[in-house]
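As written, the chains take the letters A, B, C and D, and residue 1 is the first residue of each chain.
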């Protein structure tokens, strides 16, 4: 699909928990070939002193209805403002951006690890990867039970496990403390992850050590999102790469982790 | 029909709207959004003799009505440009201008000589104003003697249109403009970014890996307009204006203050289709004000 | 309780928050909103020897995240200050600093001598950076020799705290700062406004009666921060920072970059109670970060 | 009343015609001593690239209910945004500002002339001036009938006359073409006016020529509104005066008209 500046129509804005909202956007153009890891760069309208767009991963796509969904976590002024948008409002975004995760092969057993808003591309991937549910494990970490979002709609695509820092849901600790990660990692042929840098680094290093295919989705600060400003670079083994166009998905082996 | 054509030295532009160096890549990155052939010109990413990795991440900070960048001229070098990029973009129906950077005068000259060979590059923009590199860059652009020296050397080897891009980080930009005009520059473009800084109060660290960076966007527009007006009144060569242009009204303000053409930079990050909107907006303005040729607007400020 | 006290030369300020010259009148105008005794200090409106009418209207233009002004030092002169204003404000429980302006060195000296007599004026801010006057003003502040000359002359007649207010419209503000430090300045304050311009595209006229004016507000904050950091690294005397400070976070950024105190200017137009919010915000930050004395923040940038 | 930065509560926002809205604001503090000509400086929230507050005259005050009313005419981005504010929203404003018109004496026969949004202080003055209705004449000018606002609520305070440039309501032409102005001016002992500069100048010069007391309310561009920036000055016979503190009301004899 060609990159376009699109005026989406906000169909729905649902609060999932304290800080997380799910936005459903209607596209005036057909949405096609959208895959997990890709993102959209959203204009934050009528906000004092917000100048640049804000990037958000695609959480889901409905090709027929021509809608896309976003998971927006309140982090600062822009994300806050976006969660205050009302259905009926238009939202300008540049779309689609970035490269997606490498879809698994039929024989793969995959582990998807999401933390914070990084859960969005993981859910999308669980749905779209085409594997039998028993070959898809989704591990989601959050601070506390109340920070976890409801993933019922995706439950049929794989086995879901949770961690919380306070033990209020699933295993206590970080995702990297979960038995799936500490004990059963060798059962997986591919690991995919998106979330806080420290989490992804811990996962990535383990994948490198254990020689498992691993792709991570980075969230470097962006100005443009389509490869012209060169602000979002990650220092890879082959030099500075743009997270917005060469990524956001990278194979950990290409990174200097 | 209004006439949007303007001239920069002996270069005919179909309209006064160009895209600024470092904000439009090599054109290909924005071709999805923008029919490049509609542009008056396109100044491609700052190019150096050798491949440069640029500065470390983070390179960007959002600021009130603007942003700081510290990219540091990341580019694959002139060889890569000539063998890989040039063949792909050379037949675009717009003027492709290369932004030329060096750490030494010899660099600038060597780079210019290479570009001189390229039929479809009718002009270069000599960047003596990059605030994000340790050597050369802005250092050349902030004193008259060094600006003169680099322009003089480049002028000797370059027969096509020579545009010199000026730094706003000076006491008198008009003096620098006069100095480079004196050495045979065919045009000056301004402004490059203003040196700025961002601090993270929580971590007590600079936001940018390089501590300081270049400020661009609407925040700097009043300064850019003032400098364009000062330079317009100081030199006879055409002035290319930029700095915070977001729409046709901004573009017209620069032209009224003396710019023969304008460049759109940071605005592209927010909406890469803005150049076309500006071109249309200028036409609409001219029709409304019954102005036949866009040349009548240039420097029309009534003080 | 955190300790907010700081020192500028031998002046003890109860906290680092002052109001900037030209934006708080003589204090009386904002006394309805703000308990002035809470301020670390107050720099009153730029004063000259003789009554000045200032520039013609219009004197103001709103710009992205900022504004241009061209007031041109309108004030009733030093006699009026001494006989009418000083008696009314002298007993305020804050440091009253007078912003001193001249067209010639003799003006500056004569004015300083008059202020020297006033017991309750413990410091002056020598404004060698006003961009809105035809004679003197910024002209003194944009070259080292002229900045040195005026500071030297004033220093001879002034024994109290001498703060010199620097212009950002220079190639190297650090050089100017070193120059005035060399002549005995006790402190430097920066930045004054950046020279800018606004054009009305519809009428093709300048918005300001003086064509150019001084840019202030958040738009200039990144530039001001950079300059404060550069000057802090260049001189030993305390630096007073300003330029676009709107809240405690902004103020802390300046202090981290090296400012011993800060001044709130344009922000007062939007909310004259901001200084108190900033003082409270600094306390809150110190408590959160377990910082005992505000002095620990000054220049604490980790690069 | 002390000048204060107040968070008003927007009680009502009524569209009067295409470009004019009447806003009713609830004050958390008692409102007292507010007179016609005084104004309020309103923060325009969440508007892209609006930096300064915007001044608006007081249209009315209800001392008991502690409310004030504004008449807002859409001129640019700020006034537009303000007319989009919804009841229930808080609106920050600095209040009260400026000096009011000199209230007439019992024996005065007054002519109030309003143009555009300048009608606001005129209506307030008609209500508060304390004269018998037969001694109060209100003349209002607008481009066309549809630009006039409904003044029914004030009708009992005086005799109302209208002009329109297209003749669609009242006399055709400008207020200065109306017989009240061209023929009967000498019946009045005081003229008060607020509106476009050209209108006020025409009225003011005539008042000077005919030696009738005349006060005008100026609308110079303001940055602060309370006398510290010195941006709003008017060049008077006694030098530059601040419109925000020495005015906005001036006696024409003091101006250089």
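The criterion applied here is as follows: a residue touches a chain if its C-beta (ideal position, glycine included) is under 8 Å from a C-beta of that chain, and two chains touch if they have at least 3 such contacts.
All figures in this text were calculated on a predicted structure; none of them were measured in a lab.
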{"item": "Labels of chains that are neighbours to chain A and to chain C", "value": "B, D"}
{"item": "For chain B paired with chain C, centre-to-centre distance based on mean C-alpha positions, whole Å", "value": "34"}
{"item": "Distance between the centres, which are taken as Cα means, of chain D and chain B, whole angstrom", "value": "47"}
{"item": "Whole-Å gap between the CA centroids of chain A and chain B", "value": "36"}
{"item": "Contacts with 2+ other chains: residues of chain C", "value": "63-66, 217-218"}
{"item": "Junction residues of chain D - those touching two or more other chains", "value": "49"}
{"item": "Chain-level touch network, classified as line, ring, star, complete or other", "value": "ring"}
{"item": "Interchain contacts (touch definition) - all pairs", "value": "A-B, A-D, B-C, C-D"}
{"item": "Contact footprint of chain D on chain C as seen in their complex", "value": "22-25, 29-30, 32-33, 45, 53-54, 56-60, 62-67, 69, 71, 74, 217-218, 266, 268-273"}
{"item": "Sites on chain A touched by chain B in the complex", "value": "2-5, 43, 49-53, 92, 94, 220-235, 239-240, 245"}
{"item": "Of chain D, residues touching chain A in the complex", "value": "45-48, 81"}
{"item": "Residues of chain B that touch chain C when the two form their complex", "value": "61, 63-66, 68, 142-143, 169-171, 194-199, 201, 203-206, 211-212, 215, 217-223, 225-226, 229, 244, 249, 252-253, 256-257, 285, 300-303"}
